[in-house]
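Both complexes below contain chain A, partnered by chain B and then by chain C.
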Partner chain A sequence: MAYASETRERLRREIETIREAGLFKEERFIHAPQGAEIEVEFPAGEAARPVINLCANNYLGLSSHPEVLAAAHAGLDRRGYGMSSVRFICGTQDIHRELETALTAFLGTEDTLLFPSCMDANAGVFEALFDDQDVLIADRLVHASIVDGMRLSKAMRDTYKHADMGHLEEKLAEHQDRRTRVIVTDGVFSMDGDVAPLDQIVALAERYDAMVFVDDSHSSGFMGATGRGTHEAKGVMGRIDIITTTLGKALGGASGGCVSGRAELVELCRQRARPYLFSNSVPPVIVAAALKVLELVGRTTERRDKLEENARYWRRLLTEAGFDLKAGESPIVPVMLYNAKLAQEVSRDLFAEGIYVVGFFFPVVAKGQARIRTQLSAAHEKHHLDRAIEAFAKVGSRHGVLGLGRDEIVARFGL
Partner chain B sequence: MNELQKLVRDYVVREYLEEGDTRTIDLDTPLISGGIVDSFSMVSLKRFLEKKCALQIPDAEATPAAFDSVRSIVDLVARLGGKGPAG
Partner chain C sequence: MVTARVEEPPPSAEAARVERELAERGWEVSSHLLWVTVARRGGEAEQAEGRTREEALARLVEALRLDEGARLP
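Now for the complex of A and B:
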């Protein structure tokens, strides 16, 4: 038997180390479709309890929208359940082409290629397009999937301080000897909720002859006046060379991602990107529903407007209650607690009060930057947020953090 | 600290610490294992050393262990015959 008992022992010790470090992640079982109010079984084995969900990426509230469900059912009936093939063998239906065309129009790009997920899009795109003559210059807070994708590429890799345009400019100047420079950033940063200064990034790219890559997973569908993303919000539609994004958050929340952008870049991904070539096709039911999502998003800005209003309202409530927030203009509102244990305790107590939020700490965010990330949805009504703030105020007061800034919280609780 | 150690330390502070970060970097502060320098950002440190000390650091030598403190970085430069700060 190859799974030796020493191996088992060693792996068990590793798991124990994770537990002892307080980093052990446990799933919570949801007995309901995704939404503003859900039934959660936690800890495992307990009866499911109703809670208000403030930690989903269900920004537009479309994850369980009746029209989306109906489109998914219809897709299932018309095009079946699975493709049993990667795209380039026999996994591409007419509706895959239709969705790629719709995404291209929505994002304002030249062409689009679907991937099984945005994680896969990020894993494939850099290796397919760049080699050792090129340099990828990434914001230091880009998503883990971008970090992984950059590692898979032969290109030289460098970084700039988060959203620091002076530092980025230094790097662009330093790398003028490379064939291609690529600036790599998230549109909205997933843990901080701040928005990349894409207008300034594009200006620098033009001055220093660089391409721009944006992962708009936390923006597509709601950032910008018509929800096209960060490039719309910052007035640079048509000037981003590569956009990757997901269908797994605002755009229906099921799964699937894409690379969208300059026609030649997308074509090279179709020829070479390994997750596209070697992983199964996005299933028809998701493709059909995603087409409906884009139709809904194109029909009216009501949902993104409501999301914006909810985010503004929630920020105001938290600020008035005395919480320390990260500044931002997205529906990601991080409540800063700095200390990891404190963040864990506050989220646990909030759960007991019927509010589902999650504490994030090292290694997901930098040491000493622990927080509770709250995320708004167009599915939230004011009464949800009013109920949530009562719980936040109660728990915040119990822990004595209300009205305290960073230095005072750190002085009291340590880092 | 000698001149080269100071040069490396100052570069690390400027390049890797965010504004308001009050951590001090001394000869043995763990840079990579301490989460101050990530493996991607090592590139800029390597290029900086190569330029300043007029040497080539082979990729096989540019390991996270060799780049983990100001002391080990300066030792590496010495071992590779770097000339010290070239003006």
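Now for the complex of A and C:
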């Protein structure tokens, strides 16, 4: 080992601090393809056991879809495993261009550029497009990758209160002296599953001469009547300047992301965005499978319709069972427990009952907002949700939280 | 608002030399004083700069707002 024992001791202490704060993340080993029913080894070393998965971003259930797998195999055979290059040297195949064209048509934009992930797209886009003459005005709950991307840009950073249009308007008025104002938001917010009021945001952007940036990672493929995303759901297709999104959730669930939007903005990213310039191309196997995913999504709305129905059904089951939910219209359904210890115990007990969910608490979510985030999939059948609600009701009853609202839960369990 | 401004001293010979060298490489160089404001809490730290103390603090507050927001993948 090159580093001194004091350094090793310091690093170990930091790990211990994370553990003591209850923030230590343990991986659970899945012995199956991603799906509604999976086999999970947890704790490590235990025999894998079957559980219903309610915590994947596999919204359309396409992660293990037979046609997607076949397209991936064909892509592997026809275009190989890796590109061993960045895009602009010798890493661009015909299918990369084909996928970018397909994404452009799907999202209703002018051009698209692939990145290794949406995390990379968000890390690269702001630095490539904006400098110290500009201001980025972000919703205070935007995704962590956006926060990192904004930090990498020399543009001034400002924020507005979550989904507060009055506050956003104040900020837009305040920054009229800047060359460019950019409103930065998620389409669907991953914590509460709430949807950004894009119609109002676009109206404000037009009134105050601002650009609109939306990360639609938790929306692409299913929000809106044909699954194009939050911009379709809110009736503002073609009026968003920059959309970033992922192929790692509804759109196949492997990896890869993109920046899509006005042609000149995308071209500037192609010339300047460092994660694009300095990391390898998205592998051919993923590109080929993503093309099939877009074909499937474009062929029918059956899967997004089923997802919508599953989310509605699951919300109804939880409400009837007496759980306290965050209201919303997305397939992210947070079950509110408010108390951190309670959230941990409930998720542990649900796992014992064969339901895989994760409890989240401070500082991952705000203090006193501990919850279990459940996520629906088109891969779920009614019988999965019926089995899941039996387990939720049993565990909820054991902990005495059924029928209780926030104040009652807080009174009983504290914050 | 009253802001604290400090008169900037003239560049030292060494600073002038470095600025000249950078200019020869095509850079337009300008140097100015900044307020640097730092917030620490346990192992966390955030830093911001501004031409005035108030500007630096305002930027620090916005940076902390983004950092303190709850986050899920």
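Observations, loosely collected:
Rule of thumb we're sticking to: the second predicted complex is superposed on the first by the 413 of 415 C-alpha atoms of A that agree within 3 Å, B and C clash if a C-alpha of one lies under 4 Å from a C-alpha of the other, contacts with A are read in each partner's own complex, and residues count from 1 in each chain.
Everything that follows uses one rule, which is that a residue touches a chain if its C-beta (ideal position, glycine included) is under 8 Å from a C-beta of that chain, and two chains touch if they have at least 3 such contacts.
Worth saying up front: this structure is predicted, and the values here are computed from it rather than measured.
Superposition of the two structures on chain A shows chain C clashing with chain B.
In the superposed model, A:43 makes contact with neither chain B nor chain C.
Once the two complexes are laid over each other on the shared chain, residue contacts for A:360 go to chain C alone; chain B is not touched. Looking at the shared chain after the overlay, A:158 reaches both chain B and chain C.
By the touch criterion defined above, A:369 lies against chain C but remains apart from chain B after alignment on the C-alpha atoms of chain A.
Once the two complexes are overlaid on the shared chain, A:190 sits against chain C while remaining clear of chain B. Ranking chain B and chain C by residues of chain A touched puts C first. In the superposed model, A:147 lies in contact with both chain B and chain C. Judged by the touch definition given at the top, the superposed model places A:138 against both chain B and chain C.
Contacts of A:171 after superposition on the shared chain: chain B is touched, whereas chain C is not.
Shared-chain residue A:17: touches chain C; no touch with chain B. In the three-chain superposition model, chain A touches both chain B and chain C at residues 138, 140, 147, 150, 156-159, 362, 366.
Touching chain C in their complex are the following residues of chain A: 14, 17, 138, 140-144, 147, 150-151, 156-159, 190-191, 360, 362-366, 369, 373. Partner chain A is touched in their complex by these residues of chain B: 18, 35, 38, 40-41, 43-44, 47.
Chain C contributes residues 43, 59, 62-63, 65-67, 69-73 to its touches with chain A in the complex. Chain A contributes residues 138, 140, 147, 150, 156-159, 161-162, 171, 174, 362, 366-367 to its touches with chain B in the complex.
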